Structures are given as structure tokens and as C-alpha cells.
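Two complexes follow with subunit A in common, the first pairing it with subunit B and the second with subunit C.
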Partner chain A sequence: MELLMDFFTNTGFALADYRNFIMIGIGCIFIYLGIAKHYEPLLLVPIGFGILVGNIPVFKGLGLGIYENNSVLHYLYLGVTQGVYPPLIFLGIGAMTDFSTLLARPVLMLLGAAAQAGIFITFLGALALGFSPNEAASIGIIGGADGPTAIFLTAALAKDLIGPIAVAAYSYMALVPVIQPPIMRLLTTRKERLIRMEEPRTVSKTEKMIFPIVALLLCCFIAPAAIPLLGMLCFGNLLKEAVVTERLAVTARTAVIDTVTILLGLTVGASTQADVFLTPKSVLIFVLGAASFCVATACGLLFAKFLNLFLRPKINPLLGAAGVSAVPDSARVVQIVGQQEDPTNFLLMHAMAPNISGVIGSAVAAGVLWSFMM
Partner chain B sequence: MHIDFQNIQEINIFEDLSPEEIDKILPIIHPVKIFEGERLIRQGDTSQMFYIIISGNYMIHFKDGRAFTLHKKGDMIGWTTVAGPFTYHESAVALTDGEALTIPVEEFLHLMQGDSDLGNKITRKVTEIVRKRIAFVKGELTEEE
Partner chain C sequence: MKGLEAITFYNGWNISATGICIVFTALVTLSFIISQLHKGLIIWEKKDEYIKKAGKLFSRTKKTVPRRKIKASESFNESARQFHVLIQSMKDPFSLPKLIMLAIKIDLMRPHSTVNDLLAAGLIVPDGKGLYYWDHDVYTTIFEKE
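What follows is the complex of A and B.
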């Protein structure tokens, strides 16, 4: 009997408290949303499973938990805390993205930059609520709607918040089709939503090849701290556009990004152990993250309307909402909202321009914030 | 059903694509046989792919009772899921045996993200098709148009 009791006290059931079960429930919801509803399945399934792994209670000192120095999970988690995984993901994104929509109409790049205002407004809001400058910067970056960027900056500035910030960032990315449309309808008139975009010009191969080099030099001279992310993004894109390095580009956009996504998702999920994740601070981070995302969307929309005061022909201001990253979901949302007014108005490809410039914009914003906090 | 360059170029939404672009899209196109009475998609279900008709008759219907049929080679079923993620906006059932091509939405979007020329050519064609379909449903066009 004593042996049986010893065995029981060593099981997870005896070590668990109610918070572990709350987190396991959250993990199951993530897995459900990913598999059954197809909400960002490549991210939510690994994160959800990681939450399950991280919330099975274990004895401290056996080298099992992600926060124990000698555990396997801890070594895998170093890729997050040391900022290794996000640049590798950017390499893959660069190798899979065609920037010609952006090059065809560079003015749309400004929408991607304008949406980043949400990051800085939320940064100020978080400061006002008593967060430290490093924490406030990490919370603000959620509005960039770019998971790897949020993780990269948080790993550099506020390691303790990686779990809640990563989960908040990926949750809001998955909820783009729910969060953005009401803001888009609120801030635009029907007449504006009906605006049709001009056909983009054809972009030459040479322009596409020069772009990653010019973009790297220009952006990283402005914000040198963005080099790890933008350097890899531009390098990946050069591999793609150079053609002669196609084999490397294929590896970067398939094997590399897939492997890193698995490791990143699983370890970020596992880092959300109940005792470090279920705190009032996390709740506040989720609220501020949502606010950041909404403000970023609004800033993109309002800036597009502002540009229309000077542009002829005008651009459809809905494109401004795609200035948050979340590629390609926010571009898809622009298409949905535009198509609800006019089913024959196809904005999807036009919205890809601010969408991918949002990726660059959020990386630059992360670089700027990091420079200020160093 | 065998799918090759020739088959693909005969489909209206792909007819403007260059041989290199068709090479890119071929790996994500999967031919399927469809049987009379088979339900292809159901409005509100989680969406994963859209269909391009090769042969057969299909009824598209909505929860509000609206319905129409499609039978032309190249007509699309479930295309709206490319733009509106997560769920199908309509239901479709096969009225006869037929053949179709299926394209997974996520892979299709990745392809468009990686090649905007290809994306622009396809969306231009889809715009034409959607415009005609709407005009047809409103009774402004005959079936031949």
C-alpha cells in the first residue's frame, strides 16, 4: 500500500494544481482551432501541443522541465531565448515571397510603415500602465502581428514574458479575420470600399534582384538592430530571385522554415507553464496586445485615407488594414471586406503589397525599439 | 485522369500563364473523379480546397435557398474560400458523374505569395468569371455568354 502511495505521489495527478488543467484546456483549444477550424494550423497545433507538454507537472531537478538547465526542452528553447529561430523563419519567408507587388507601387509600402504606429502607441500605453520600458516595448510589438518578430524582441528585452507575448501574438494573428473587419467598416465609407485599384505594372527581374540588397542597406542603416531579421529576410529573397541559387531557396522555404516552426511552436508552447503564465500580468498583456493590434489596423486605414488626399487615382483605403503583417490573412480580409461591397473587386493581390511591407515594417520597428532599450 | 501542360492551358483561368508558371502550378493540382450525388462542399464547413470543373453537372446552393448549376470546363467551385478563410460560403453537389481538379487553398496562396505575376493573371481571370456569373444569376447574360 505504501508503495502504491509512493507511486501516486510521483504522478502528475498528485503534483498538479487547477492552473495546470486550465493551461491543458487552453492547449486543447489551440489544437482544436488548428485542426478543426484551420486557424493557422502550422502554428497553433505545435504551440497547443507544447502547452500540453509544458503543463504536465514534473519533479524539479530531474531535468524534465523547460526551465531546468539540463533538460532537452531547455536546449531546444535556447533557440527562442537566444533569438536563433526568428531569423531562420525570416530566411524562409524571404525565400517564399515575391516583393514585386510592392515594387510595382512603392507608395503602398507606406501603409506597411503606418500600421507600425500601433506598436509605438501601445508601447506608450504599456508604460503608462506601469510596465518597464523593456516589457512595454515587447508588448507593443504584438501589434506588428508578426510572431517571430515579437519573440525576437521579447527574447532580447523581456525573456520572462516570451510565453504570454508569443501566445498573444499568434492568437491575434489567427484571429485576424475576426478582429479586423469591424474596424475596417467603422473607419471607411462604402464609397471608399468600392474603389478599384489600377493594374500593377510589370516588375523586371533585375528590379526584383536589386530589391533585397537595397532594402537591406536602407533599412539596416536606419535601424541596425533589425539586421538579424531583415538580413535573413533579404538574404532569403536574394536566394529566390537570383535563380542560380534556387536549390538553397527551396531548402530555406521548405525544410528550414518547417523545422524551425516545429521547434519554435513546441518550445514556446512548453514555456507557458501555469505558474509563470497564469498571472495578472499575462491578462494585461493579452488586453494590451489586442489594443495594439486594433490600433495598428486603424493606423493603416487612416493613413491610407490621408494618402488619398494627395493621390490620383485614389487607393482603396482597406489596403491600409493589410499593413499589419499576418501574411496572407490580413490581405485575405481586405479581399473579403472589399468583395462584400462589390463581388467583382479583387483586392487580394494589391493587398499583398502593404502586407509584405508590414513584415519589413515590424522588423524595423523591433530594431528601433531594441536600439532605444539597449 | 492524366494532368499535363496541355490540359492545364485549356482551362480558362490558366490560359494566360506561361509554360514556367504552369510548371509551378502543376504540382498543387490534383485530379479527382466525382460521382452523381456526391457532395463536394457544404456551406459553413471548414474549407481546405477549391474545385475546377473538367466535366459533369454541379448544383451550387446556399442556405437562403438560392441555387444555380455549373457545367462548363473551367468553372470553379469554392473559390471564395481563397479570399474568405476558414469556411465555405456555399454548398455544391454533383448532379452527374464527372471529373474535377482540386487545389489546396493554402498551397495556392503560397504560390501567389511567391509569384505575384501569376497571382495577378489568375485573379484577373477569376474577376471576369465572377462578373459573368453574377450577371448570369441576375439574368443579364445568357448561358452562352
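What follows is the complex of A and C.
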């Protein structure tokens, strides 16, 4: 009987408190949103499952928890804390991305730059709420709507906040179709939403091959701290465009990115152990993250309207919302909102330009913040 | 520390302003470069055409250099024909000493003086890099007049 009681005290039922059940509930919601609602299933399902794994209470000292030095999860989590996974994800993104629309209409790149203002405005907000500069920078980057970038910067500046920041970043990325449309409708008129975009010019293969090299050299000479992310993004894209390296490009955009996404999602989810995650700080991070995302969207939209004061023909200001780098969700949202006004207006292709430049912009912003905080 | 005091204390205003400026500078410069990229590539693809055009312009400039009038005698024309045949056997542009040596080898009359006349008539033209080429246009003009 005593043996049985001993065993019982070591089970999850005896060790759990209410916070574990809250987190398990959140994990289940993530899995539900991913599977049933199709909100970023490739991210939310691994993260949701990771939350379940991380919140099963375990006996400390057995080497099971993610924060115990000798556990398997801890070794997998090193990829997050040492900033290994985000650049590998960028490699895959680069190998998937077609920069044609960006090359055809470079002015749309400015929308991606404008949306990054949200990062710096939220940085100020976080400082004002009492976060340290390193923490504030990590929170601000959520506005970039780029999970890997947020994790990369947080791993460098505020390791303790990786869990809440990663979960916030990926949650808001998944909630792009919910968060952005009201802001888009609020800041644009019907007439503006009806603007049609010109057909982009045809882009040559040589241009596409030169672009990643030029982008890497220029951006990294300006902000060298962006090398790990932009270097891999541009390398992946060169592999894709060079054609002769197609085999490597295929591996980068399938096997590599899928493996890393699984490991990253699972370990980030598992890092949200109730005792570490359910704190007032996390709540504030979620609030600031949402604010950052909304401000970034608004900045992109307003800058597009500002550009229209000078541009002929005008651009559809909805494209500004795609300046946040949630690829390709925010571009898809632009397409959906545009088509609600005019079902024959196709904005997706055009929205990919600010969307991709948002990825470059948020990587540069992360590099800049990192170098400022060092 | 909280509020505006915290922002000022941690240099937040400067960091934000500089950060936004750097991100904008990077992306504006990149967008400017890629907007010019295809123009640069067009020039690169048509480089041979442009080089030819530039070459023509260059040779025209050479022709405008005032030339000493050479009396088109029967003997000068004969020498010009002989040197023309000789130069055809050489690669363009050619070396003048080599041409004179070849002329001596095949026993052409007064090679130094003839080369001097051909230079003066603009039939042999310096390429500006120490070598010379035969100006077919001038040659054709002279012999058309005949």
C-alpha cells in the first residue's frame, strides 16, 4: 500500500496544480485552432502539442523537464536558445520565396519598411511599462509578425521570455485573418479598397539571381547583426534561383524547414511550463504583442496612403497591411478584404511584395535592436 | 522605473528613431538598386552593340585628325595596295616594327618611307595602345576616287 502511495505522489495528478490545467487547456485550444479552423496548422499543432508535453507535471531531478540540463527536451530546446532554428527556417523560406513581384515594383518595398515602425513604437511602450531595454526589444519584435525573428532576438537578448514571446508571436501570426481586417477597413475608404494594381513587368532570371546577393550585401553592410537571418534567407533564395542547385533548394524548402518547424514548435510549446509561463509579465507581453501587431498593420496602411499622395497610378492601400511579415497570411488577408469589395480584383500577387520586404525589414530591425542592446 | 521617465532613461526615443531610420535606409536603398537593376542588365546584355558604337565613334574621332595631303601618285597607290595585302596577313591591331620587318623580308621598296606616307594619309591609324590598324574606309575612299 505504501508503495502504491509513493507511486501516486509521483504521478502528474498529485504534482499538478490549477496552472498546469490552464496551460493544458491553452494547448488544446491551439491544437483545435490548427486542425479545425486551419489557423497556421503547421505551427499551432506542434506548439499546442508542445504545451501539453511541457505541462505534464514531472518529478524534478529525473531529467524530464525542458529546463533540466540533462533532458532530451533540453537538448532539443538548445536549438531555440542558441538561435540555431530561426536561421534554418529562414533558409527554407528563402528557398520557397519568389521575389518577382518585389523586383517588378520595388516601391512596394517601402510598405514593408513602414510596417516595421510598429516594432519600435511597441519597444517604447514596453519600456514605459517597466520592462528592461532587452526585454522591450524582444517584445517589440513581435510586431514584425515573424516568429523565427522574434525567437532569434529573444534568444539573444532575453532568454527567459522565449516561451511567452514565441507563443505570442505565433498566436498573432495565426490570428492575422482575425486581427487585420477590422484595422484595414477602419483606415481605408471603399474607394481606396477598390483600386486596381497595374500588371507587374516580367522579371528576368538574371535579376532574380542577382537580387539575393545584392540584398544580402547591402542590408548586412548596413546592419551586420542581421547576417544570421538575412544570410540564410538570401542563400536559400539563391539556391532556388540558381536552378543548378535545385536539389539543395528542394531539401531546404521541404526536409530542412519541416524538421526545424517540428522541433521549434514542439520545444517552444514545451517551454511554456505553467510556473514559468503564467506570470503577470506574460499577460503584459500578450497585450503588448497584440498592440505591436495592430500598430504595425496601421503603419503599413497609413504609409501606403501617404505614398498615394505622390504615386501615379495609385497603389491599393490595403497592400500596406501586408508589410507585416506573416508570409503569406497577411498577403492572403489583403486579397480577401480586397475581393470583398470587388471580387474581380486580384491583389495577392501584389501583396506578396510588401509581405516579403516585411521579412527583410523585420530581420534588419532585429539586427538593429540586437546591435543597440549589445 | 516606468512611463516616459523610463523611456528617456533607457535612451528609448533615440533607439527608436535611429532604428526606424536604419530600417528605412536599408530598404529604400535596396528598392532603388533593384529598380535600376534591370536597366543595368539591359546595358550588360547589349554590351557588344554599345562597344561597337563606341568604337565607331572613336575611329571617327581619329579620322577628324588633320592629315597631311599625300599626292596620290601611281607609285604611292601601288605601295598602299602592297601594304594592304601584307597587313591582311597580320592580326588587327598590328605592330608597326613587325610590319616594317615583314616589308623588308619580302623586299618591298623603301618600307620606312612608305609606312610614313601611309600614316600621314590616315591609312594606318594608331589605336592609342601602341599598336596600329588599317583603316579600310579611307583605303576604299582613295581607290574609289581612282
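Before moving on, here are some points about what is shown:
The rule is short, and it goes like this: the second predicted complex is superposed on the first by the 374 of 374 C-alpha atoms of A that agree within 3 Å, B and C clash if a C-alpha of one lies under 4 Å from a C-alpha of the other, contacts with A are read in each partner's own complex, and residues count from 1 in each chain.
Basically, a contact is a pair of C-beta atoms (placed from the backbone, for glycine too) under 8 Å apart; a residue touches a chain by one contact, two chains touch by 3 or more.
Remember, predicted model here, so these are calculated numbers, not experimental data.
After superposition onto subunit A, the modelled positions of subunit B and subunit C are compatible, with room for both. Legend: residue contacts after superposition of the two complexes on their common chain; A:S204 is shown touching subunit C, with no touch to subunit B.
In the superposition on chain A, A:I360 makes contact with subunit C only, while subunit B stays out of contact range. Judged by the touch definition given at the top, the superposed model places A:L129 against subunit C, while subunit B stays out of reach.
By the touch criterion defined above, A:D329 lies against subunit B but remains apart from subunit C after alignment on the C-alpha atoms of chain A. Once the two complexes are laid over each other on the shared chain, residue contacts for A:H38 go to subunit B alone; subunit C is not touched. Of the two partner chains, subunit B is the only one touched by A:T344; subunit C is not. More residues of subunit A lie in touch with C than with the remaining chain of the pair subunit B and subunit C.
Touch criterion not met for A:T189: it reaches neither subunit B nor subunit C. In the overlay built on the shared chain, the residue A:A113 is in contact with subunit C alone; subunit B does not reach it. Once both structures are fitted on chain A, no C-alpha atom of subunit B lies closer than 17 Å to one of subunit C. Of the residues of subunit A, those at positions 203 touch subunit B in one of the two structures and subunit C in the other.
Partner subunit A is touched in their complex by these residues of subunit B: 46-48, 82-86, 109-110, 112-117, 119-120, 123-124, 126-127, 130-131, 134.
Residues of subunit A touching subunit C in their complex: 102-103, 106-107, 109-110, 112-113, 116-117, 119-121, 123-124, 127-130, 132-133, 136, 201, 203-204, 206-207, 210-211, 214-215, 218-219, 222-223, 357, 360-361, 364-365, 368-369, 372.
Those residues of subunit A lying in contact with subunit B across their complex are 36-39, 96-98, 100-101, 104, 177, 199-200, 202-203, 240, 253, 327-329, 332, 335-336, 339, 343-344, 346, 348-349, 352, 356.
Every residue of subunit C that touches subunit A in the complex is listed here, in rising order: 1-4, 6-7, 10, 12-13, 15-20, 22-35, 37-38, 41.
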